[in-house]
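Following this message is one structure expressed as structure tokens.
Each chain gets a letter, A, B, C, D, E and F, in the order it is written, and its residues are counted from 1.
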Amino acid sequence: MKLVTAIIQPHRVDEVRAALEAAGVKGVTVSEAAGYGRQKGHTEVYRGAEYTVDLVPKTRMEVLVDDADAAVVTEAIVSAAQTGKIGDGKVWTVPVDDVARVRTGEHGADAL
Amino acid sequence: MDSGNIAWLLTSASLVLLMTPGLALFYGGMSRGKSVLNMMMMSFGAMAVGTLAWITFGFSISAGDTMNDIIGDPLYDFGLQNVMEGGDAMAIISAGFGATFAIITVALISGSIADRVKFSSWLIFAFLWVILVYSPVSHWVWGDGFAALLGPDGPWFADLPGPYDFAGGTVVHINAGVAGLVLALVVGIRKGFGRDPMRPHNLPFVMLGAALLWFGWFGFNAGSAFAADNFAATAWVNTTVATAIAILGWLVVEKLRDGKATSLGAASGVVAGLVAITPACASVDAFGAAIIGLVAGALSALAVGLKYKLGYDDSLDVVGVHLVSGLWGTLAIGLIANGTINGDAGLFYGGGITLLGVQAAAAAVVMAYSAVVTLIIALAIKYTIGFRVSEEVEVAGIDFAEHGETAYEEAK
Amino acid sequence: MDSGNIAWLLTSASLVLLMTPGLALFYGGMSRGKSVLNMMMMSFGAMAVGTLAWITFGFSISAGDTMNDIIGDPLYDFGLQNVMEGGDAMAIISAGFGATFAIITVALISGSIADRVKFSSWLIFAFLWVILVYSPVSHWVWGDGFAALLGPDGPWFADLPGPYDFAGGTVVHINAGVAGLVLALVVGIRKGFGRDPMRPHNLPFVMLGAALLWFGWFGFNAGSAFAADNFAATAWVNTTVATAIAILGWLVVEKLRDGKATSLGAASGVVAGLVAITPACASVDAFGAAIIGLVAGALSALAVGLKYKLGYDDSLDVVGVHLVSGLWGTLAIGLIANGTINGDAGLFYGGGITLLGVQAAAAAVVMAYSAVVTLIIALAIKYTIGFRVSEEVEVAGIDFAEHGETAYEEAK
Amino acid sequence: MDSGNIAWLLTSASLVLLMTPGLALFYGGMSRGKSVLNMMMMSFGAMAVGTLAWITFGFSISAGDTMNDIIGDPLYDFGLQNVMEGGDAMAIISAGFGATFAIITVALISGSIADRVKFSSWLIFAFLWVILVYSPVSHWVWGDGFAALLGPDGPWFADLPGPYDFAGGTVVHINAGVAGLVLALVVGIRKGFGRDPMRPHNLPFVMLGAALLWFGWFGFNAGSAFAADNFAATAWVNTTVATAIAILGWLVVEKLRDGKATSLGAASGVVAGLVAITPACASVDAFGAAIIGLVAGALSALAVGLKYKLGYDDSLDVVGVHLVSGLWGTLAIGLIANGTINGDAGLFYGGGITLLGVQAAAAAVVMAYSAVVTLIIALAIKYTIGFRVSEEVEVAGIDFAEHGETAYEEAK
Amino acid sequence: MKLVTAIIQPHRVDEVRAALEAAGVKGVTVSEAAGYGRQKGHTEVYRGAEYTVDLVPKTRMEVLVDDADAAVVTEAIVSAAQTGKIGDGKVWTVPVDDVARVRTGEHGADAL
Amino acid sequence: MKLVTAIIQPHRVDEVRAALEAAGVKGVTVSEAAGYGRQKGHTEVYRGAEYTVDLVPKTRMEVLVDDADAAVVTEAIVSAAQTGKIGDGKVWTVPVDDVARVRTGEHGADAL
């Protein structure tokens, strides 16, 4: 199994969730994050002071999938989250040794 | 004894007392989340030690029998013993009303030293400052000081108009503004000042705080009539007009300069307008109040950026708002006092330049005195117990280190 | 000049001024976290431009010499010049008291257009609305309008009772409620309306806001006696009784319908009760006040669901609370005014059906006028500078885009 | 009819009404984030059912024609019919003022049962308690009870001094404190009590709540003069002095014991000082007020730790603050009443020990009565509909389960 | 080494921590998350509006363990977190190349 | 590619970010966490009550890097975050199968 982790713009969460459901993904875990990358170096003026804001709010979405689905899910996320502007985020995949469902204690693909 | 006047002064004193917690929210909301409690505690501490200072010596120095027109006799009424035994309702509640002024004035100063000062040092500073700075200055301006000196029987046989300071432009705002500047310089800048954003952590608190200040300020300005009369009514209307228009003044400057009108600007505009109209609220008509508010809002909006250029860390803009708008309101009397409501007319109302000069002179004397005595107190504290928490505490957040608390706990 | 009456009116005006920041919290807490500042800024903006509108033309149109019983002379007292020169304390503070009413009335409207309107468009709307809608309507109901028309010397020689509107059921709540409905329709629904929960982001703010409204409303209702007398005392008691019982009315409906009594319901019940008792607070006894409160709470609890069925996005329920409970309170006078405290009796107290008819007619005229003129102003703005921010801004949060700020910063 | 007195009582009643939402914030901020709404709803619920209880039977039992000096005739004035028809402004607003006292007294109790009680059970408790406990006790202390019994014409022909309770040390604070203790014992401890920190989730709310309490308390104490006179002015000054010094008392104890002066301590010191000065505010001078405040702050700071040793879960310290400081203030009259302002002198002012004894006896009678009747009401509810939510709800958070809401929504 | 990540019901955190201590685990990192899966589609009525809430608050717990302990730790979490109701969560394991302790700079199993 | 995850003291974030930039890292994702480990068992007294606080606030930083850079980045974080006090945190590395950049849809090392 694989864990696909996506760091995306917060306002694309609804679209990504819809795309995941369309791709047959049954569950997702979502959390808040902040990031910088190319999108850094943005300057703000506030009450007479000028300063640089470089940590931009992002949303993390994590999906456990069968090995076979990892690529499909990645593409689904990429296309749903894409706005074409710098700061759209990253999606990465890591190998997973095992998954367990807490409620039943099942393991492996059954636990997804 | 007029029960209507007593009723209004009881109400006014209550309103002014509420201003300091209002200030605590205004300042607390502007602080970062890791130092909001310390910020608010400076106001609450001012309520505690300010009252103590007032009932021990402050009231006597302010309102006691004058010694050479300079200060009231410090031993005139320790513990408010005489005034309370006297049983005169107006005298008693006036002493209480005075306490609330002393409290808010010293609390205002705390905005210039956010996030970095030991609570115990602040309490000592506040206690001394009320006795040594606030109380004498209030004696000069509202007691037997300036008026006696400038009057026909004074040493200079001058018979000059004014100075006018209906509710405390000089005594409260210029005074606190100067003290804030001096204290910020003595204490020094915060780590990250000028580089990190240090944005307000809770703007609704800032707005609520500004609103409570406005509400309480009706007691401050209209209560300073010491009666429910036409001066009070005039002060009430002028206070509202100046404040409303000052919001616009501040927001227009922001919109033109930065492209956006902020809520912090609106809240600050409220305070700038209130500050500027304070000395003048019984000297101008609604049109004058609108001018005072408009200029105050715009001027302070420009002034709050100065600290970055000049490099003093007046963290929450005591100087930019209270000193600048306090000076403007005090001088504005010399320009646009209409001469019909309360005393002499200003320059543009045919009163000549004298009143403006007297206003400026009074402000200058208070500024000089406040700067010197504040500096002495501040240096004495700095080189004995010290003002600052360690840099590590400053970065981690003063709340936990000084008060053992953080303002908000995660839902658990 | 009675100093007790002046004292009470100074206090009342201060209390009513506080209502608008109370409303800012009430509305701001109900908003989503990304648009709370914009919501609060609509109230603060109303304080700024509402005051400007009042001191330029609003006061004159409302209180100036009547022109054909329709509006006061708009040039009667530009800048409150006459009233302030007059030096009559009651007249001066009454002009200030009037300003606070104009402010809160227009601020109420903002609840129907949360999260989506450009701040500059709102300011223009608010300025025009105070002058073109609020001021004439207040002239009719409280000045020389309706009473003169309906009186024995009027054009209809009618000598009809009423209409009664002690503190502003028609002038303030029905008027603002209708304007809110029209504005919501012109501006259109938010993205996600009816689908996303859009729950209040900070319910303690909502409750605090409701409490400040209640507190300030004592000035609104009991201050409308313009004296510290038995009308004021009666209004005070009725205001408390109706509001307390309205909380129960709202919560019982929720408990029966949804299974849970919510804090949003309690806060909304407070407002519904206050709205409904406003016109009637000097016309009924405590028993009548309890009835008015109970029905108001229950009725508005039912009414706030309507918008989902009818598809207008009255975001924070200006219509369901102010229009519905305002209408109910206005008509309730025709039913249960007891005839002994203040003027004529209602239907159930032996007064016949006439008073009810007059109340309904007055409400209808105000509704029609408010709807038409609000529509004209709203369309004019919509098709010139426009009302709405872009959809992207709406989703990302209006606070940052319009004001360059977010309400809360993470502790850092 | 003196309009100044009416004006002050209208203002005072409004101020006292605001105390209960102030309490809601004070208690709500001290709660955990998952139960803040329920905590605040107990105060709002008290406003609703407390008013209902007052206008049905409470007012009659409290202020009605006495039946054997024990209670007022419960059928004396159902629905405040007589008092409102009477048209006497002072009588009408006094009835309203009384309602605000009944509300805040019962609301105070809710602090001892945070996080775990069904809202419906609370509403029933609050309704019954106002009628069966608050109203009779207020009749004894302020009506024809104790004074008549102890007077020269009473059954004991005693002609004893006192008891003095100017604004409600016995009626409000001792009474609510005892009831809180009994209720906490009947309801039982929370899961995790004594183990989990259960820290306040929002300390700025706690501080704001304390400030609103202080502000409102001016109406409570100075309003209890029922006139804008020297008693009111004295009460005002003493209230401020005691409260300011109580902050210091609390903070000094904390600093010595725990090493840190907390903001929760400052806010609690405010309340302890206010509680202690309540009965005594017209009996002592400013020096006496300072003593009362200092001891109250220190004593309550020590007392709030007791519950961990004794094992009762008085969650937000109703006992440690209201019972302890209420008792201290009541007894302090017997020690330091100066005899010149209002009635008899205390022990240290040459008045002998009798007054102290009378104060203690009055307190003891009220404590016994309150304990017994509260116990009966509480047990009746416990064994019928029950008090507690399920343990699962308690852990997950009572807000969502009881009210279908959480206090804060993530920005979305 | 392995990283065991658990997404569980927030009110089971205390139990899981106790179970981990019992299993000899010396450290844990905890953070907030929200998720949906089978537990989706729950409808609420609020102020006259009906809508669907599908992101349910969860707590994430992460534990670094020796390869040998991964299975034991997973079982410990599963049994401590289990309530048997839908939404109990997932536990997954991913391989870890290396761990460093910041304080000392130690690497590998010593750094746990 | 590798994912380097660091759990550090919140007040070291600025230093770590500077070190990462110095090491040529172009992007980071940051989020809040809390943890315990050796640093547990700390007792507080508050308002007359004594209790144990064991979850200490931490900051999580995640960096996607080329395989070759993982060790360097880990050392950079360790030395920038180190204060030498217990609770300084952990840095661990897991293997990553693939990374995608949402904005462009690029994959692999190009997406970093």
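What we mean here is this: a contact is a pair of C-beta atoms (placed from the backbone, for glycine too) under 8 Å apart; a residue touches a chain by one contact, two chains touch by 3 or more.
For clarity, every value in this text was computed on a predicted model and none was experimentally measured.
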If a chain touches chain E and chain F alike, it appears here: A, D
Selected pair, greater C-beta contact count between D-E and C-E: C-E
Inter-chain centre distance, chain B versus chain E - centres from mean C-alpha coordinates, in Å: 53
Centre distance in Å when chain B and chain C are each reduced to the mean of their C-alpha atoms: 34
Shared interface positions of chain B, touching two or more other chains: 2-5, 7-8, 11, 199, 202, 258, 262, 264, 404-405, 408
Multi-chain contact residues (two or more partners), chain E: 31-32, 44, 46, 94-95
All chain pairs that touch each other: A-B, A-C, A-E, A-F, B-C, B-D, B-F, C-D, C-E, D-E, D-F, E-F
Chain A residues within the chain B interface of the complex: 44-51, 53
Chain B residues touching chain F - in the complex, by the definition given at the top: 395-396, 404-405
Residues on chain E engaged by chain D in the complex (per definition of touch): 11, 44, 46
Touching residues (chain side chain C, partner chain E) in the complex: 194-197, 199, 258, 262, 264-265, 304-308, 317
Contact set on chain C toward chain B in their complex: 1-8, 10-11, 13-14, 17-18, 21, 24-25, 28, 36-37, 40-41, 44-45, 47-52, 55, 79-81, 84-85, 87-90, 92-93, 95-96, 99-100, 119, 202, 205, 402-405, 407-412
